[in-house]
Amino acid sequence: MALVRATLGLVETGRTEIHLPHWPGIEQQHGFIHGGVVGMIADSAAGYAAMTVAPEDASVLTVEYKMNLLSPADGDGLIARGEVVRAGRTLIVTKAEVMALHEGRERLCALMQQTIMVMAGKAEKQAG
Amino acid sequence: MALVRATLGLVETGRTEIHLPHWPGIEQQHGFIHGGVVGMIADSAAGYAAMTVAPEDASVLTVEYKMNLLSPADGDGLIARGEVVRAGRTLIVTKAEVMALHEGRERLCALMQQTIMVMAGKAEKQAG
Amino acid sequence: MALVRATLGLVETGRTEIHLPHWPGIEQQHGFIHGGVVGMIADSAAGYAAMTVAPEDASVLTVEYKMNLLSPADGDGLIARGEVVRAGRTLIVTKAEVMALHEGRERLCALMQQTIMVMAGKAEKQAG
Amino acid sequence: MALVRATLGLVETGRTEIHLPHWPGIEQQHGFIHGGVVGMIADSAAGYAAMTVAPEDASVLTVEYKMNLLSPADGDGLIARGEVVRAGRTLIVTKAEVMALHEGRERLCALMQQTIMVMAGKAEKQAG
């Protein structure tokens, strides 16, 4: 996350927020923030949310996610909000919204649904 | 894509390949390549594939994608292969596979399904 | 929808509800309601929600959807709630939740994210 | 599956086929086969494929799936082909294609990507 200059803005049980400033290194050809970067902060925000409800000695792995890009990721920066929808012993389902900031106002620019796997102990080499 | 040091390795009609070396700046906590970066090159490979079948003066926008992360993105680097599944006038459906390279051998590490929108003329401010 | 005995319980602008009784013909091997039927009512609830915000002479077509099945679809019946997330001229993004009813109480059993295409005039033969 | 008159046409290790005739009870308003029914046979074909690689005493549960509807499900009937992409101990990732039959010729009408969970012993009440 350091690579794209994202920071963790909020961590609560089942809920996190990631903040990303808009800077030239993460822009695509039209001057918006690259969809892949939007995906990256959404994935991370939801993954961290899952971590807050997993056992302390467990790792979490993203199994899959689905992302709708709703409007251009432009403006002054982005906020990704991750949230746990359902926490099971093995799988945690989460969702995330990404908001684009325009002079302090937020506009929804991406919506994600994600499945996370809880790995007992430290992360193993193979998901699944 | 320069940010993560990815390069376009192949461009054919309806098919592209993106190459990514494994370097420390794109690793997550376990030393694998970050899932968000895997998503980024898969999204780009499939998006470029869509571009090869869109009219020359049109732009393409990612509407949505769904990605399964199948095994850790480790090894010497990644290859993302994008492919057009069906090209309509307004929407193009694509898929991508991401392979992890281990001493010249490939292993499937991610699978993506994506919807792309064709925008006549230059990109507009609002998708949809 | 008649086939599975589903009925439209609510229609507002950007929001609908589908009700489904639990009956033997829609069960899978464990006595729960079949995941395909859960998908069918979620898809329909969100598609009808899209219809309420589309121009009157337009048709809507499901481009794609992604569904997480969170807990067994058991109990006395299901309610699928569809909602428009963002309505564009060409594409409408929606979401749906499916609740299982247990003696009047609801439990979330499925979560869906969907992309709908607006077709001017009557439906054409080819999506895209 | 009996409800929609679907039959299992092929079962191999990691691969299955479901056949569905076109009949009035499964049509939507334009005379095509309902998208929900397309989803149901794709989900089932891929789920059965997962079953062929799971331990004999285990159950499989659909965790999630994502489906692109590429062209109308019309013609004489449908064939859904399910295939295992990667089989882990806990999760199996599959894909499915649905083909519409027109006088013996096939046309791709839907593409699905799916995550399946393997449950040791008989199915439990709660996924995850």
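Read from first to last, the chains carry the letters A, B, C and D; within each, the first residue is number 1.
As a working rule, contacts are C-beta pairs under 8 Å (C-beta built on N, C-alpha and C of every residue); 3 or more make two chains touch, one makes a residue touch a chain.
The structure presented is a predicted model; accordingly, all values stated were derived computationally and were not measured.
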- request: Check A-C, A-B or B-C against A-D and flag the pair whose interface repeats it, over half of the contact pairs matching by residue number.
  value: B-C
Chain whose average C-alpha position is farthest from chain C's own: B
Message: What's the distance between the Cα centroids of chain C and chain D, rounded to whole Å?
response: 19
Length of the line joining the C-alpha centres of chain B and chain D, rounded to whole Å: 26
- line: dist(centroid_CA(chain B), centroid_CA(chain C)) in Å evaluates to 30
- prompt: What are the residue numbers in chain D that touch two or more other chains?
  reply: 63-64, 66, 68, 70-71, 86, 93, 115, 126-128
Task: Would you tell me which residues of chain C are touching chain A in their complex?
output: 66, 68, 70-71, 85-86, 93, 95, 108, 111, 113, 115
Message: Which stretch or stretches of chain C touch chain B in the complex?
response: 63-64, 66, 86-93, 113, 115, 117, 126-128
Chain B - residues contacting chain A, complex: 3-4, 25-26, 30, 34-37, 39-41, 43-44, 59, 61-72, 74, 123, 125-128
